[in-house]
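The two complexes that follow have chain A in common; it is paired with chain B in the first and with chain C in the second.
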Partner chain A sequence: MTTTAPFQTSDTTIAVTPAERSARGFLGWLMAPERRGALLITPAIVTLVVVNIFPLLWSYGLSFFSYNAKYITKPPRWNGLGNYIDLFTDPEVWGRFQNTAVIVVGSVFLQLVIGFLLALLFAKEFPLRRYLLMLVLAPMMLSLSAVGVFFRLFYEPTFGFIPRSVQAIHFWLTGVDEPVVILDTPVKATLAIVFADAWMWSPFVMLLVLAGLVSVPKYLYEAAEIDRASAWRRFSTITFPYIRSLLLLALLFRTIETFKIFDVPYVLTEGGPGTSTETVSVYLFRVAFNYFRTGSASALGYIVLFGVIVLTSLYLYAIQARGSAAAEPSD
Partner chain B sequence: MSKRDIRAVGIAGWGRTLGAAIISLIYFFPVLFIILTAFKTRQDALAWPMKFIFAPTLSNFVSVFFRTSVEGGDAEATGFGLYFFNSVFIGGTSVLLALIIGTAAAYGFSRFPLRGNDTYLFMILTTRMMPPIIAIIPIFVLFRIFGLSGTYVGIIALYTAFNLPFSVWMVKSFFDDLDRDIEDAARMDGSGEWRVFKKICLPQVYAGLAATFVFAVILTWNEFVFALMLTSPETRTVPAQIVRTIGGSMGVDWGLMSALETLFIIPVVLVTFALQNQLLRGVTFGTIRR
Partner chain C sequence: MQGLKFSIAAAAIAAGALIGGAGVPTPALAKDIIINMAAPDWLPTRFMQEEFNRSYKAKSGNNVKLVIDFIPWPSFYQRVAASLSSGEKKYQMIVTDSQWMGDFVEGGHYLKLNKYIDADPELQAVIADMHQVLKDTSSSYPYKSTNYYGFPQFPDNLVTFYRTDLFCNKKEQAAFKAKYKKALPCYYHEWQDVDWNEWGQIGEFFTRKKGSPLGDGTADDDFYGVAYQAGKGYDFSSMQVNSMVWDYGGDIWDETGTKPATGVVNSPIAVKAMEQYLDLLKWAPPVAKTGQMDIFVVQDLYMQGKVAAVVDWVGVAGPVIDKKVSRVADKSAFAQAPGARKSDGSISRFANIGGQPFVLTTWNSEEVVHEALDICKWWLSTPVQTKFVKEGGGESGMLSVLNDPAYGTWSPFSRAFADNIQWQKDIWHIPEFFPLLTEQQEQFDKAITGQISAKQALDTAAAFQDKTLKEAGRIQ
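After this line comes the complex of A and B, so read on.
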C-alpha cells in the first residue's frame, strides 16, 4: 500500500500500471486491492461449498435414484422422478406435514402471545429487573434435546409433576381422584409438544418485542398523556407501530425454526402415539435412517428445503424492509 | 423531584419486582425442578407433594461418572468424563476455526463489498436456516465413504461449517457498527490495510468476538442431530449420550438423570447470564441489533 491511500472507501484504489503489476508476480496479482474482498471471503465460501453445498448437490442427484445408504457399495438405481411422484401421492407424507403445521400454528401463536405479555412485564425499569430477566431468558439457550428430556420426565405418568398436578387440581375441582396420563392421545401429545416448545421459545419473542418497546421515544407517551389518549389508543397508535416490524420478524423466524422441529418430538414422544406427533423432520429421519430409503429421503429433503428457502427469503425481505424504513424511527 | 416522589416511584417499582419475580420463578420452574432433583435422594425425588426442603446429596453427581452396574460390584466409569471432554474439545476447536475463517469473511463483506455481496450473504444464511436433518442424509453417506464417520476430524469439520454462517453474520454486524471515520483517518495517515485491520478494527470488536465465540460454543454444545448420527463411542458428545441413556435402566433414576442434565445445562445458564446484552444479536444471527 502506498502512503497516498484514498480516504473515502477502499473500493476505489490507487492506479497500478500493468507493468508494475506484472513485476509483483502472482502473489502481487492475488493481493491486489481490487481482489481483497474476494480473497477474504474465499476460505468461508470454500468451507461451505465443501461441507455443505457439495453434499446438498450430491443428495439432489440421489433424489432421482433408488439408493440404500446401508449398502454403500451397491450402486444407486435410476428412478427418474419416481421418488417425487411417490412422495406427492403418499397420504403418509401429507399427514406428517399436517402434524407439523398444527404444531407450528399452535406453538408460534402461543410464543407470540406469551412473549408479548412477558415483554410488557419487563418493558419498564424496576429493581432486580436484570436478574429476573435472566431467569426468563434461560430456557431459550438450553439444548432442544435437553428440553425434550425435561418434559419427558415432567409428563411421566406415575411420577411426573405435571400429570400429578393436573390430577390434584382435577380432584380439588370435581372430587374425582383418577390418574392423569398426558401422552396417550394424539391431541394431548400434540398439546404437550406445543407447550414444551412454546415454553422454550416465548423468551425469544419477548426479546424482540422488548427491543421494539425500548425504542419508542418517551416524549410520544408524554404527548399522549397531555392529549388524554386512552390506553388502547396509546398502544395502537404509538407502541404497536414501533414493534410491528419486529413482531413480523419474530413470526417468520419462529415459523422457520418450528417448521424444522425435530429434537423435541424425537426425544419427548418419539412421534407417538402412533404417528400423530411425527413431524416432517422426524419422518425424514425415519425414512433415512430406519428404513434407509436414502433416495426417497433426499427427495423429501428437497421439498422441505424449498419451503425453508421461501420462508428465509421472506425473512430477509422483512429485515431489509425494516432497515430501509429507517424513517420509521425504530433504530 | 421531591423526596416523597422518589419513595412513591420506589414502592411502585418494588411492586412490579414482586410480580415479575413470581412470574419469572414460575417460568424458570422446570429448570429449577431439574436442578433441585439432582440433589435429592431417590425417595425424595419421587415424593409427592414434591419436597422443596430436603437434605441435599451429591451422590447423583458421583453416579453420573462412576457407578456400579451390578449389585454390590465395584464402581465403574460410565464414560461421561470422556463425553464431557469431547463436547468441550469438539466445540472449542470447531468454533475457533469457524471464528478465524468467519472473521476474515465478515471483514470482507463489511469493508470490501463484492458485486453480488447480497447473494453470497443469502447463500450463507440459507445454509444456516437449512434443517440439519436434510444436511445429515448426504453427509452421513459421504462420511462413511470417506471414512470420516465417528472421527474427530469429521465432526470438527462439520461443526466448523455449521458455525461459520453464524460467525460471519455476527462478526459482520459488529464490524458494521464501527465508526468508519477512525479507519479513514488512519488510511490518510498512511496506514496499510493490514495495519488498519489489526490495530484499529480488530481491537474494537474483541468483545464482540468473545460473545460470538461463547455463543457458537453453546450452539455446538447443544447440537444433537449431527452428534447422534456422526459420532462413535470414542467421539460422542454429551447430548447424543443423554438421549441414549433415557430409554435404558438409567432413565427411571430421576436423581441421576437430573444430575446429568444439570451438569449439561448449568454452563449454558451461567453463560446466558453473562451474555445478556448480546442475546438479541446472537439468537437472530446478527440480523437484528439493539
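After this line comes the complex of A and C, so read on.
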C-alpha cells in the first residue's frame, strides 16, 4: 500500500508519492545555486572528453603501435618509439616540412603586407568604403576547399581567367601567343598556393590592423601636425606602436593556421607536381587514409601537434607581453 | 451492424489475399528493409538508383529500399575505406573498384558469396552468364579464383571519342593523306587499325592555333589533337600508362610472385611505352603539363570542343552525346582505343578493366543478405541490363545481353565496349594495391610534369613495389 501526503499549492492540493518526493528532492539538490554552474557546463565537458580528449589520448597510445585501421581483425602490435624514429629519420617527412615552411613564410609574409596596406586604405573615409570593405572581407568567409576549387578553375590553362589574362597581356606586349601554364613546375605551383592562401586570409590581418588603426586617438595626429612631423615620423611614433602588438598576433595566429594548411593544396594541386607542394598535413592524410599506417599517422599527428604547441606558446607569450605593455604607465 | 462490419472486413481480407496470391507473395507482415549502398557519383549508378525506384519489387514482399550514397570519384576510396575502418557499419552493399577486393576481403569487410551461390540456382545462372574477364576481375579474390565476392554493377573500358566533323571532313582527310601518306580514320573499322604512333600523328595534325582552318571553318581558340588521362589523383595516369605498357608486351608486376618488380616494372619495354605515353602528351591541352588532366578534365575538354580525339571511359561518355551539356553532342562517335602494332601487323590493345562490381558487407543479417542478392539478380537480369545499355549510359558484362547480335547498336559506344572487353586485365588485385598505386601515381606525376624521366619514375616505382611486396611476403 502506498501512502500519500498532500502537497499544498496556492489553489489546489496535489497528492505526492514518496518516490515523487524523493525525485523532487534530488532535483532540488541538483539545481541548488552552488551546483547549477557545474551542472550547466557538464554536457560541454562530456562532449569535449568524448570527441576531443579521448581520441587525443587514444591516438597518442596508437602512436607507439604498428597498426592498420583497415584490418579490424589484426590487433595493434607494440612498436615503442619505432614510429617516431622512422618519421624523424625519413627524408620524405622532412621534405614535407620544408614544403610547409616555404608556404608558411611566403603566405604569411604576403598576408601581412597586403592586410596592412588594406587596413591603411580602409582606415580612411572614402565613397563606397563600406561596400568595398564587405567585398574585401568576403574571401575569409568562404570554405577553404571552395577556395581551392575556385583557384583550380582560375589557374586552369585552357579556360582559366588568370592564365588567359596573362596570355592576352603577353600577346599584346610581345606578339607571342603561347598558353600560360601556372601549375606545371614546383616553384609556380607553390607560388599559386601562396597566392590563393594570401587572397583568402589577408582580410583577416586587415581586420586586426584596422582595429588598431581606428583606436589611435586623433589628437595625437593633430599634435604631430602642429609639430610638423613628417608622414613617416607620424607612422613610426604614433601609428605603429598602436598596431605593433596586433600585427604580432596576426603573424603568430596566421603562422599557426598556415602551418596546418590542408584544403587548399589538397584541392588545388593534390600535392603536385610530384610531391613538391605536399604539406605535412596533406602527407599526414595520405599516411592515414591512403597507406593506412595508423600508428605512423598518429605519431606524425603528435609531431605536428608539438609544432603547433610551440607556436601557440609564442602566441600566448605575445598576448601576455601585450597585456604587460598596456598595463605599464606611459611616460 | 456489427455483423455487417465483420463481413466487409472478411471480404476485403479475402480479396487482398487473392490479389496478393496472383502476384508477389505477401508475407504475414512485410518488413521495411533499407539497403545503404556506397557508390561513385556518375551516370551508371544514378541510373541504377532511378531504375530501382521506378521498377523494383522485392520478391519477398518486404518493402525494400535501396539508398545509394553517391560519393565523388576522387575521394571515393578514402570515404569507403574510412567508413569500413571506423567500424560504423553504414553500408550493406558497396560498389567497389575491383582492385580493392583483396584489401577489404582481408580486412574482413566483404562477404564471401560461395555458400549463397551454391544454394541458389538463380545465382549460379548469373555466374555462368558473366563474361570470364568479369569473373576474374570483378568477382573473385584471389584474382582469377572461384572465391566469389561480387557481381558487376557496371563493367567499363577505355574507348576513343572522336569528332566526326573533323575526321570525316574531306579537306582534313586530303591534308592528312598528303602529310602522312595514310587515311585519316573516319569509320569504326578504320579506327580499329590505329596504333599509338598514328595517334601521335593525329595529335600533331589537329593541333592548331586560334584562327587556323579547322574542318569547314576556323578554330575559334587554340585547338588540340589528342588527350588521355594524366592526372595525379586516384589512378588517373596509371590506367593509361598500364595499358600502353601491356600493349607493348611489358608488365606492371610479376603476378606469379616469382620475380622481383625491378626488372619487370622498369623493363626496357615498359620504359619505352611510358616514354611514348609522355611524348604523346605534347599534343594534349596544356593542363596535361600540370598533372591534373584526370578523366573528368579529359571529358570536359572534349565536350567543350577543345580537342579532336580522346581516350576515356565509357562511363563518362553519356554526357558527351547530351546536347544540354556537350558542344559536340551531334558530331561525336566512338571507337576502340589505339594499341601497339605487333610484328604481324595486328594491334595489341590491352587495358585495365574499368567499372565496378558490387559487393555485400559482412555484418548484414541473413534477411538483408538475401534481399541484397535479390537486388543483384534483378540488376543483372536481361531486361534491366538491356535497358541500362540502351538508356542508362552503361554497358553489360552478361553474355546473354552482350551476345545479342544487335548489342553494338544499342548505344553509340556499345560496339567499342563489346570489342574491347576481351582485352581487359586488372591492376594489382592484392591488399597492398593502394600504397603501390599512390607511389606510382606520384612518380608518374613527376614524369608528366617533367621533373624526372620515364625510367627514373619506373625505377622508383619498381623499388617501392619490391619493398612493399617483400614486406607483405608476396615475393622473396
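Just so we're on the same page, the second predicted complex is superposed on the first by the 281 of 331 C-alpha atoms of A that agree within 3 Å, B and C clash if a C-alpha of one lies under 4 Å from a C-alpha of the other, contacts with A are read in each partner's own complex, and residues count from 1 in each chain.
Keep in mind that, in the parts below, a contact is a pair of C-beta atoms (placed from the backbone, for glycine too) under 8 Å apart; a residue touches a chain by one contact, two chains touch by 3 or more.
On a predicted model such as this, the values are computed, not experimentally measured, just so you know.
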| item | value |
| --- | --- |
| First (chain B), second (chain C), both or neither touched by A:52 | first |
| Partner chain in contact with A:139 - chain B first, chain C second, else both or neither | first |
| Touched partner set for A:174, first chain B, second chain C, both or neither | neither |
| Partner chain(s) touched by A:253 [first = chain B, second = chain C, both, neither] | first |
| Chain touching more of chain A, residue-wise (chain B, chain C) | B |
| Which superposed partner A:289 touches (first chain B, second chain C, both, neither) | both |
| Which superposed partner A:316 touches (first chain B, second chain C, both, neither) | first |
| First, second, both or neither for A:72, with chain B first and chain C second | both |
| First, second, both or neither for A:185, with chain B first and chain C second | second |
| Shared contact residues on chain A - chain B and chain C | 69, 72, 152, 159, 289 |
| Parts of chain B lying in touch with chain A, wherever the complex brings them together | 13-14, 16-17, 19-21, 23-25, 27-28, 30-31, 33-34, 46, 48, 50, 101-102, 104-105, 107-109, 111-114, 120, 122-127, 129-142, 144-145, 157-158, 160-161, 164-165, 168, 180, 184-185, 187-188, 190-193, 218, 221-225, 229, 239, 242-243, 246, 254, 257-258, 261, 264-265, 268-269, 271-273, 276, 279-280, 283-284, 287-288, 290 |
| Touching residues (chain side chain A, partner chain B) in the complex | 1, 3, 5-11, 33, 36-41, 43-45, 47-48, 50-53, 55-56, 58-59, 62, 69, 72, 118, 121-122, 124-130, 132-146, 148-154, 159, 161, 164, 199, 204, 207-208, 211, 246, 249, 253, 256, 260, 262-263, 267, 281, 284-285, 288-289, 294, 297-298, 301-302, 304-305, 308-309, 311-313, 316, 319 |
| Chain A to chain C touching residues, read off their complex | 69-73, 152, 156-159, 177, 179, 181-186, 189, 269-276, 286, 289-292 |
| Chain A-touching residues of chain C, taken from the complex the two chains share | 77-78, 81-82, 84-87, 103-104, 106-109, 209-210, 222, 232-233, 285-287, 289-292, 301, 304, 306, 434-435, 438, 442-443, 445-446, 448-452 |
